[in-house]
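Next up: some structures, all given as structure tokens.
Shared chain: chain A. Partners: chain B in the first complex, chain C in the second.
Here is the complex of A and B:
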């Protein structure tokens, strides 16, 4: 468990770091896929199998492809940016804010005692168990999520089509 | 040295900070959305770690994680549609140039 944690963490961090620093947008998305894979591996390591599968299906299968399509629809297909247009004008202030947030939260984690909990033999959560919980205790949030997804999809189509409809 | 809950919390804090830095510094709106996805994933990783180390004994944390993933997917669909609509209007996805509402 120990080596796996460090290796997967290094891969995940590398993917996240490259995703926000690389110049080529398509390379950014590929690094983001690496990051999503690392998080999915962490879920498997944490014995949350269903979430790991969901992570791969939704994030790599849907979100990453969606982002690739957005890049192809908005810029040239290769997606390369010039050296001057990668970071904003006050990029250093964003870095300082992020570093301050990280330092503050890490200090809080270090100070708290709950973080010393070590790995117990957590039982694998079966998919059947999650499915039963979804239609028993969690049925109202589940249905609300269905409405939200429908609204989001219709909203996305309406927003993306707006200009075309106005032109007619 | 065993892996404790603190390791996972520290990892997701650093991932969150990387995402935050990306969202605050990058100029391309699509990359900003990607950075927001990184922050979402860091938060969800936290929930799953809490579940694994039995801070929450029931399935509640996993249910929260599943709903959070669903909301993140809906958010990215709407966000990318907005980016495409903005690109049609301004011919640019640079967040520094979107200042029509600036006072």
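Here is the complex of A and C:
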């Protein structure tokens, strides 16, 4: 189990590193997919089957494919134009933001009661538990998300509709 | 897998064999079977397809290699293996090489959660159905990578069409599967197959005999055909428009790998369809005492091949549809229909004399179908006027 953790972590970090350093945008997205896959593998390693499958379904099946779809239609994907060096002039501002986010996340993990409990028992059926939590305890945030997504969908249709009207 | 391990462990012959050997054997046997059986079915599916298409098109089909062309798949394999592998100079070498590999992996992974018989499943995941959808979306990556890395306009067009098509048909397909999950109360493929057992001759409890099950079955088969880019949904590789789409620039065994991935995905989807709607391994005699599992496996493969045959039949007889028709069909007909279907499945669950529930949901679904396909459609098709061709 431990070996698996290190191997998967190495692959995940490699994917993340390549995603920000490669010149070709499509290669970047493909390494980003490798990273998503690594995260999904970590979920599987933690016995969170549902989360792992959803990670693949949403991040690789939807998000990455949409990014690819958008990039495919752009002209300059090879990265031959534009600034050459990966570490631009403002690299320190990015570093500060990354450090701040990392500190915040670490703080949150330390403060969290779940990790403090360090229980070794496993949830017997994660899917059923997640489903019950979503429609019982967290039904209001869940519905709010649904409303948000519906609004986004309608917004997309309205934008597309305007273009169609203008073309006529 | 675990069952095989338990079986080996409990068997007195293997009492002396160390634990880890038994473990690796119980891992290797299902993997070996999946890797041996399904590609063999794939090889002969190509032969069946060519024979059936030949019959439909009033010709003989392959008949030179062996009797009835029975060795044709071997000859095809040898030919593709020995062909030159051409990579275009402008192509992106690594991605071009990786695409056919990625095309095969998800298709093989799908077979991990398909129960062939009662308890005969490589891995009994409790999220089986979700796993299927997660893995099958990954196959679109291969199409994209192949199309993009070839640096060919036709390949890129094919890849674009493939992505648009797969993303659109994913949604109604998942919603069509949701009814089955609702009825079985589980995402596990074994539990879904078990839920359809019993009844008269182990047949009457198949989900396809419920109104929502039938609609879900049709929606799912359409979605599966679109997802694996089979005619009439084969616009990503429409020969008459864009040569061969995303695999235009592939030759030799890489091309064969694309074909393998596509056919294996179709086989896996047929297997999933059989499991979710046609009762999987349930059939007359699958609960017999010692040979029950064999009968179950027979029924499963019979159903799988029947679905494959229907898909081939459709390919032989239907014309290809246009891109706008394809996307319009997915979003305007399939998606609303699948949402109504989810509602119907819920109604069926809560209305209590089941014959009444059957009638109510059937009427509801029929009305939905009428509204979606007939209302707003032109009463009669106008005569086409050709501006330049006359």
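Convention: the second predicted complex is superposed on the first by the 106 of 168 C-alpha atoms of A that agree within 3 Å, B and C clash if a C-alpha of one lies under 4 Å from a C-alpha of the other, contacts with A are read in each partner's own complex, and residues count from 1 in each chain.
The rule is simple: a residue touches a chain if its C-beta (ideal position, glycine included) is under 8 Å from a C-beta of that chain, and two chains touch if they have at least 3 such contacts.
Worth saying up front: this structure is predicted, and the values here are computed from it rather than measured.
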After the superposition on A, what does A:62 contact: first (chain B), second (chain C), both or neither? both
Contact-wise, after the overlay, does A:135 reach chain B, chain C, both or neither (first, second, both, neither)? neither
Identify the partner contact of A:162: answer first if only chain B is touched, second if only chain C is, both if each is, neither if none is. first
Which holds for A:33: it touches chain B only (first), chain C only (second), both, or neither? second
Could you say whether A:10 touches chain B, chain C, both of them, or neither, answering first, second, both or neither? neither
Quick check on the superposed pair: does A:50 touch chain B, chain C, both, or neither? Answer first, second, both or neither. both
Is A:153 touching anything from chain B or chain C once the two structures are fitted on A? First, second, both or neither. first
Output check: A:105 vs chain B and chain C. Expected answer is one of first, second, both, neither. What do you get? first
Tell me which touches more residues of chain A here: chain C or chain B. B
Shared chain A contacts, counted only where both chain B and chain C touch the same residue: 50, 54, 62, 66, 69, 73, 125
Residues on chain C engaged by chain A in the complex (per definition of touch): 92, 95, 125-127, 130-131, 133-135, 137-138, 140-141, 144-145, 148, 156, 159-160, 163-164, 167, 170, 187
Residues of chain A touching chain B in their complex? 1-2, 5, 9, 12-13, 16-17, 19-21, 25, 28-29, 32, 35-36, 39, 42-43, 46-48, 50-51, 54-55, 58-59, 62-63, 66-67, 69-71, 73-75, 81, 85-89, 91, 93-95, 97-99, 101-102, 105-106, 109-110, 114-120, 122, 125, 129-130, 133-134, 138, 141, 145, 148-149, 152-153, 155-157, 159-160, 162-163
Chain A-touching residues of chain B, taken from the complex the two chains share: 1-11, 13-28, 30-31, 33-35, 37-38, 41, 44-45, 48-49, 51-55, 59, 62-63, 65-67, 69-78, 80-85, 87-89, 93-96
Given the complex with chain C, which residues does chain A contribute to the contact? 24, 26-27, 30, 33, 49-50, 53-54, 56-57, 60-62, 64-66, 68-69, 72-73, 125, 127
